[in-house]
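Shared between the two complexes below is chain A, which pairs with chain B and chain C, respectively.
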Partner chain A sequence: MSSEEETQQSLSYKVHKSTLKWAPVFNMTILLSIAIISCLIRVFSVIRYESIIHEFDPWFNYRTTQYLVKEGPYALWNWYDSESWYPLGRSVGGTVYPGLMMTSGMIYWVLHKLSIPIDIRNVCVFLAPIFSAFTSLAAYGMTKEITKRSEAGLLSALFVAIVPSYMSRSVAGSYDNEGVSIFALVFTFYTFLKTVNTGSILWGVYTALAFFYMVASWGGYAFIINIIPIFVLFLLITGRSNQRIQVAYNVFYILGTLLAMQIPFVGFQALHSSEHMASHAVFLLINFLNFFSWIRNFVSKKAIITLTKFLVVFLVFSILVGVVILTLAGKTQWSGRSLTLLDPTYAKKYIPIIASVSEHQATTWSSFFFDLHYLILFSPVGLYYCYYKPTETKIFGALYTVLGVYFASVMVRLLLVLAPAVSIMAGIGISWAFRKFAKSVRSFILPKIEKPKKYRIPPEISIIGLVLLGYYCSIYVLHANFAGSEAYASPSIILSSRDRQGNRNIIDDYREAYYWLRMNTRADDKIMSWWDYGYQITGMSNRTVLVDNNTWNNTHIATVGMAMASSEEDAFEICEKLDVDYVLVIFGGILNYSGDDINKFLWMVRIGGGVYPHIKEEDYYGKGTYRVDQYATETMTNSLMYRLSYYRFDEVQTAYGQPKGYDTVRQAVIGVKGYKLRHFEEAFTSENWIVRIFKRKQRENRDGVAFTSKQTSQFTIPKESSPVTKFSKKANIKQRFTLNFNE
Partner chain B sequence: MLLLIFLALVSSLRIPKNFVISNIERTVSLTDRYINIQSKITFQNDGVIPIEKIYYTIHNALSDRLYHVNVEESNAKKLIEDVDVKYKQNATVYEFTLIRPIEPSSKLEVELSEHFYKRFKPLPKEIGLEDEQLVQFMDSVYFFTPYLVKNQITYYETPKIISYSLKSATQRNQLLEFGPFQDIKPFSTQIHTIHLENNTPMTIFTKASKIIEVSHWGNILIEENYSIENQGAKLKGEFGRVNFNKYNPNVGKHSLKQLSASLPYDSWGVYYRDEIGNISTSNAAKGKLNGETQALVQLRPRFAIFGGWNSNFTLGYNLPTKKYLEQDGNNFRLTLNFSFSVKEMVSDKYNFQISLPEGAYDIQVDLPLYVERNDTLLFSYFDTVGRPTIILDKATTSQFDNKQIIITYKFSGVSILREPLMIFGTFLFAFLSIIYLRRLDLQTLKLKE
Partner chain C sequence: MIIILLFLANLINADSLASQKTNELREMQLRDGIIELNSTGYFYYTMEFPRPYDIVIYFVAPSCKLCNDLNEHYQKVAKFYADSGALYKSESKRAVFFATMTFNDKNKQVFEQLGFISAPNLFVSQPHIVFVPQDERERYLRDMKWTISYTDGTVTAHKFLEFINKRTGRQVDYKASTSEALTVIGVLLGALTFGALVFIIARPLFLNPKLWFIGSIIIFIICLAGVVYNIIHNVPFFTQNNKGGLQWKTNSGRQQLGFEGLFLSLGMTFVGLTMVLILKLKVLVKHQQIDPFVERLVYLTLFICIFLIVQFVEENYRQKSHYNPIYWPPRHYIKGPLNKDQGNSF
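This part shows the complex of A and B:
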């Protein structure tokens, strides 16, 4: 060895040595940068648009948070919201997962105590990005618990931080439960794995607390309360159970269930709902088995085998029978959404309201790829690694991934639950591959430290592998960047378009109309719209709505669906009974905005028809398909939705070279032209027609009463009309007059 | 004694016998949403003493709709109390001090300008989208004045006359001519009405406010809030987007589609929003207007504001301190405009609020206007004792009140470092305590591995 080579060698050894020395610092710095990146990549929406609450559900959360910081937490528990579900109202305190609101309320109060008078809207807008940073830290911790390796943790943290699926629910402004609960989910798993690894009761308590936060934040906590028992059961069956598992599970189960019951929306469901049954069963099982193994010390070996066989069969059988009996007796119930998870066709058959939501649809392969991208390819490597040399925590990771894949395939929305699992698995897999490649490279450069082994990958291939992996990872990062800055940055209440010069135009029709409602209708006016817009109307217009995105009362939604699907006369009767002052419809025929009410109309028909059988879906199909043109059926063209959406539409030219009244979404000229509305009048239409608001006219004088002498003498003014005191004098005179006239 | 003082206070309106208005020519412009009356008044002093104060009286039925009155040749305006006029005539008196007194047996022509709002009454009260807005204007035939008027002639400029009640008036196209009338006694009134077409949106601000926060770090933050209402004829029947759109400028002429505001030239970070976020329809440009460099902001409301409709919005911007804040040791002098920056609008109520940096003391406000003043403290970012805040309230406010308000105060240079030091200290404490706690061994039971 020449001296030159020696110095080179010693240099690389020096580098190696100092790198090792500084590794923890690198580790922390990288982790911190990942946290910062995860925040920053989610702020594109604020940069491109503005600091505003997105979509639909976040508007309710935002409104509740506003109420919370204004009135305090106790007032929130007792809040009976009269602005929604008119005339029923909604008890918000008992039907809400308050974790999200409490979190932002807490941040708000603390900051105000520190004399940082930040606006609550900004707390809400930036909450999800901040929590995504926490999520990436939790994912680091969880991966480290699974593999005991920092580099896998770092990769996982990076993957979680920018995974598009999670990003779609946590961009700035997307103020939804998922924003905080994905953190809660990963953190619960992290603490649970820590407990599994250490057997520490303290960490078990932390797990229960993290679980409590999860329960407070999202209905998706059912995933945790099922996956942990399944994991424990798996260990029991494979004979890997031990004292640590028992400590971890018992502490988690007892404290977690007790804490879950503290949330009013969950309450005793934590005991008797079907989602929790598995946890009860496993609790009984693990303790019974433990008790049994303790007994084993005192009984002979032969007896033990028979006893085991008998008891296991007995236990499993009795639990099964118990569950079946409870289910049949109606003591325990599966919620519609959970049933949909077990039987993906369930909702389609029985509950159209669940099926109508696009995020409850089965996941398509394209959305798998768009939301997870290369992680799908990497994660099987991690999965393989987990099964290759299994430990308890690795089994947990693998189980979580497998179950996540199943749930994600059933519902698009649950891709969100899968995203951390896949990211962690991909992180594990890639770091494993990296490690293998790096070892071979190192054995080439630093033969003294890394002893060359016989079957090691040749360094040339390793370098190619490293480059390839790096390339794929960077493609993933680019894709995530695209998703964060373009695909998921839109707040959906603000649309934007580009004109021929490339200028960006903001289409702000929603807010235009909602603000019109807020400023120019009476404070107690009731707005009827399809339930999608309920939260936005109460949030932005501060007006009472009939139905909203909470969808707790199917009948009420069906009534609104029926009103929309009925003829104008019938709809007027329904609206009058429901005290509706304004009807709001979304119409995209001018701007080619496809998410409008005519396209959602079939769901209104289906949901309405589910409760009111005289509404039949076939009646709305012209020539076998759903259409709005001249072949549309009479039921369709007479329906309120059709009438309101296309009111005076035939007077405008929408597309070049097409006749007037050409619907750009349906690509057809509307079938009925030149009609007048009798009971409704156009109160407001936004600039691009996206939102149309119609006012219900008052009943005309003597409306609906045929003026024949016979009928008049029999006609008595019904009691319902008596509240109209303003005109009662006139009415009396008229009444008297008609009576005299008849005599 | 008390009576004497009382008399001295109230009998300030002294009109010499031989001091008369020899000629008055009034031009009433009814073409805009607000009413502008320009009068050329020739005073004749046949007495023996020079007259340097003249009086303008306004009937109390109109006094709160008068948002500005001025005499060109005067240098001081004062609201004075006169029991006689107040109770006998039910009127308010303004006293103007002339720059050049009217010497005995001489004449002086002065120009009086009066600006009114809320004097148009929509008739019919409700109109359709495509209809023209007709309004009724009520006025006195004679100039309401404490002086004897020898000769008066009045012109009413209108966009289009529908009818008028005074039969003796002559109409020339869209101009009405009243008079000439001779020898009108003081305080003579005779009501007449004109029914005319006026399609300008009758919008006013029901409320406006300007909130200013001054930071010695170099920025002045200004936020203006407005509540706007169209008091014109209410919209009857359907709204009709088919008719009312950008291709049909003649439909819905009586709705407010645009406002403009002029901001100081060096303003930056302009924002225009309301309770639910940005209003995306606005434009801003810096340029020269009427010889003054300024930033012109064009504001379109979220929706065109028809009669009876309301809306509200916020306009905010920042100014650099270097131009508006003068320093002399510990003494600071801040010069800012008092009124709001949206042009050609009048507000019923106006609230001006300015917060000086925490630790400012010895605050003096110099404002050439009559306002109500309240002081309070504002707690904003990192404040401990609160920022001294001056709140000025004024009733009817318009661009004419855009006087410069000068605030002088003292502020020690060390105070500026208080907040950064506080943050620094907090973080230092936090880090030190974490370092300490990390080294603390709290394990009670040493477990053997």
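This part shows the complex of A and C:
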């Protein structure tokens, strides 16, 4: 060996040595940068639009938070909101997961105590990005508990920090439960795995606390309360259970269930709802087995066998008798609800309100690919690694992934639960591959440290592998960047479009209209709209709505659906019964905005028809398809939704080379032109016609009452003083009627 | 005095007629399960006062397939009602009877009066129908009748019950018959026993992590293929395109075909599996002596394989929706000029 080579080698050894020395520092620096990046990538929405609450549900959360900050937590507990679900109202305190609001309330109060006068809106807007940083830290911890390797943890943290699926729910302004609860989910798993690894009761308590936070913030906690029992059951069946598992599960179950019951919305459901059944059963099973093995120490082998036989027979027999008795007594209900458990497609086929929500749709491969990108491609590698030499924690990771994939395939929205699992699996898999490739390269450069082994991959191949994986990782980052800055950045209440010169135009119709409502209607006016816009109207216009995104009362929503689907006369009757003052419709025919009410109309018909069977879906199909042109059916063109949406639409030209009244979304000329409204009048139409608001007129006089009667024509108005002072307050209404006559 | 007596007599008479009609209906339902009404019966029992009861009538037409299919459910509902004591009036609720009418030339009038133009129809007739004035009749009837058609989805006894309960004010629940319940229990127990047996026999197999891996990958592929989506939306495996050729994928971002989902799901999973193969290849062939050149060739092929599959998946996605991974936000996204990028308050 020449001296030159020697110095070169010693240099590389030196580099290697110092790198090893500084590795923990690198580790922490990288982790910190990942946390910062996860925050920054979510702020695109604020930079491109503004610091505003997004979409639909966040508006309710924001309004509740405002209430909390203003009135305090006890007032929130007892808040009965009369502005929604008119005339029923909604008891908010008992039907809300308060975790999100409490969190931002806390931050707000702490900052104000520190004399930082931050606006509550900004707390709400930036809460989700901050929590996503915590999520990436928790994912690092969880992966480290699974594999005991920091590099896997770092990759997982990076992947989870920017995974598009998670980003879709946690960009700045997306102030929704998921924003904080994905952190709670991952953190619960991290603490649980820590307990499994250490068997420490203290960590078990932490798990229960993390679980409590999860229950307080999202209904998705059901996933945790099911996956942990399934995991324990799996270990029991495969004979891998041990004392650490028992400690972890018992502490988690007992404390977790007790804590979950403290949330009013959950309450005793934690005991008797079907979502919690698995946890009870596994708790009994694990303790029974424990008890049995303890008895074993004191009883002879023969007796044990007899005892086992007796117990098995007894159990089977008692279950059989119990089930038969319950069935014969009619206590068990084999109703639609139990079918939903057995068949995930049931609810979506038969309950239109569930099927109508786009995030409840089943997932196609393309959604998987866009929202999880390369992670879904490389997670099988991580799965293999976990099964190769399984430990309890690795089994947990794999189970979480497999169950997550199943749930995600049932509902698009649950991709969110899958996202951390896939990130962690891909992180484990890719870091494993990186390690193998790196080892082979190292053993080529530094043969003294990394002994060449028989099963090493050839170094030149390893370099190709490293380059390819590095390339894929960077493409993933770019894709996530795209998703964060383009795909998921839009607040959806502000739209933007580009003209031919590439300039961006902001379309602010929603806020324009909501502001109009706020300034031009009476404080107690009731606004009827489809339920999608309920939260926004109460949040931005501060007016009472009939239905909103809470969708707890199907009949009420169906009534609104029926009103929209009925003819103007019938709708008027319904509106009058419900005290409706204004009707708000969303119309995209001018601007080619496809998410408008005409496109949602079929769902209104379906939901309405589910409760009021005289509304038939087929009545709205002209020539077999849903259409608005001249072939549209009479029921369709007479419906309130059609009449309000297309009112005066034939006066405008929307597209070049098309006649007036050309609907750009449906790409057809509307079928009915030049009609007048009888019971409603146009009150407001926004700049681009996206929001149209109509006022319900007073009931017309009955024909012939006022003017055919001879007495009326001879009626003389009292001369002295104004009539108002003369009539009592009660008579005021009468007087209004007489004035109406004269009009 | 005479007037009062007459009135009383009339009242007693009406009372006795009412109970007589109720008894007749009850007897008929107890005898036949469901009362067969002809047009005379319809007018006598529903349109002539006194009638202190509700009648649910199921209007069908001969040779109507849907009617026959739903008949079974209707009979079930009638039985649930009879079992819950609805044949007798209770404190606040009227008795409820179940009848059926089949369309023919003689009772055409009834169908026309109620405005039925198709079958089957379900109609809940209540006493105050007699008093409803002509101009409000249509609206009143609309709430009481249900013309069943294919857009109502799968109509079950549950839906019938919901409809009738809402109008009669009774809360009659679906109860599985003993035989039905026992079948369900039997199937469940059978499945459990079978599972337990399989587990006991093939226990070592189940304890093998390799099998877990295979099972997980199968679940992974099935779920990624969007099988639930395919089932809910009844998606075909292939369709024909405009030219009559075989079409295996759609270009719409929100839809997919059966084969498309499966094929791409296989592709995506295959990338991961190939990666595993690369990492494990040496261990798999540890007993054979391989020429280093061939070995490197195999590795290279596998890498190219991964690369091509990823390209394929991306290409397919690009056809469905916007996809642009080589993307960098333009300058003004990163630091926007306040006056140009409207609404910037950060």
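Please note the rule applied: the second predicted complex is superposed on the first by the 659 of 743 C-alpha atoms of A that agree within 3 Å, B and C clash if a C-alpha of one lies under 4 Å from a C-alpha of the other, contacts with A are read in each partner's own complex, and residues count from 1 in each chain.
To be clear about the criterion, contacts are C-beta pairs under 8 Å (C-beta built on N, C-alpha and C of every residue); 3 or more make two chains touch, one makes a residue touch a chain.
As the structure is a computational prediction, the values presented were derived from the model and not from experiment.
Three-chain overlay on chain A, with chain B and chain C fitting side by side and no clash. Judged by the touch definition given at the top, the superposed model places A:540 against chain B, while chain C stays out of reach. When the two structures are aligned on the shared chain, A:75 is found in touch with neither chain B nor chain C. Within the superposed three-chain model, A:110 lies out of touch with both chain B and chain C [touch as defined at top].
With both structures placed on the common chain, the touch criterion links A:655 to neither chain B nor chain C. Contacts of A:32 after superposition on the shared chain: neither chain B nor chain C is touched.
Within the superposed three-chain model, A:682 lies in touch with chain B and out of touch with chain C [touch as defined at top].
Ranking chain B and chain C by residues of chain A touched puts C first.
In the overlay built on the shared chain, the residue A:520 is in contact with chain B alone; chain C does not reach it.
Once the two complexes are laid on top of each other via chain A, the angle at chain A between chain B and chain C, using C-alpha centres, comes to 130°, given in steps of 10. When both complexes are overlaid on chain A, the residue A:366 reaches chain C alone and has no touch with chain B.
In the superposed pair of complexes, A:506 makes contact with chain B and with chain C alike.
Put simply, chain B and chain C get as close as 5 Å, counting only Cα atoms, in the superposed view. Overlap of the chain B and chain C interfaces on chain A: residues 50-51, 494, 506, 508. Per the touch definition, chain C reaches chain A in the complex via residues 139, 142-143, 145-154, 158, 163, 173-176, 178, 180-182, 184-185, 189, 199, 206-207, 209-210, 212-213, 216-217, 219-220, 222-229, 231-233, 253-256, 260-261, 264-265, 268-269, 271-273, 275-276, 278-279, 281-283, 286, 292, 295-296, 299-300, 303, 306-307, 310, 313, 317, 320-321, 323-329, 333-336, 341-346. Chain B makes touch with chain A in their complex at residues 237-242, 245, 274-281, 302-303, 308-312, 379-384.
Here chain A touches chain C in the complex through residues 43-44, 46-51, 237-239, 320, 323-324, 327-328, 330, 332-336, 344-345, 348-350, 361-366, 368-370, 374, 376-381, 383-384, 387-388, 390, 398, 401-402, 405-406, 408-410, 429, 432-433, 436, 454-458, 460-461, 464-465, 468, 472, 475, 478-479, 481-482, 485-486, 494, 504, 506, 508, 570, 606, 609, 612-614, 616-618, going by the rule given at the top.
If you check the complex, the residues on chain A that touch chain B are 50-52, 115-117, 494, 506, 508, 511-516, 518-520, 540, 648, 651-652, 681-687, 689, 692.
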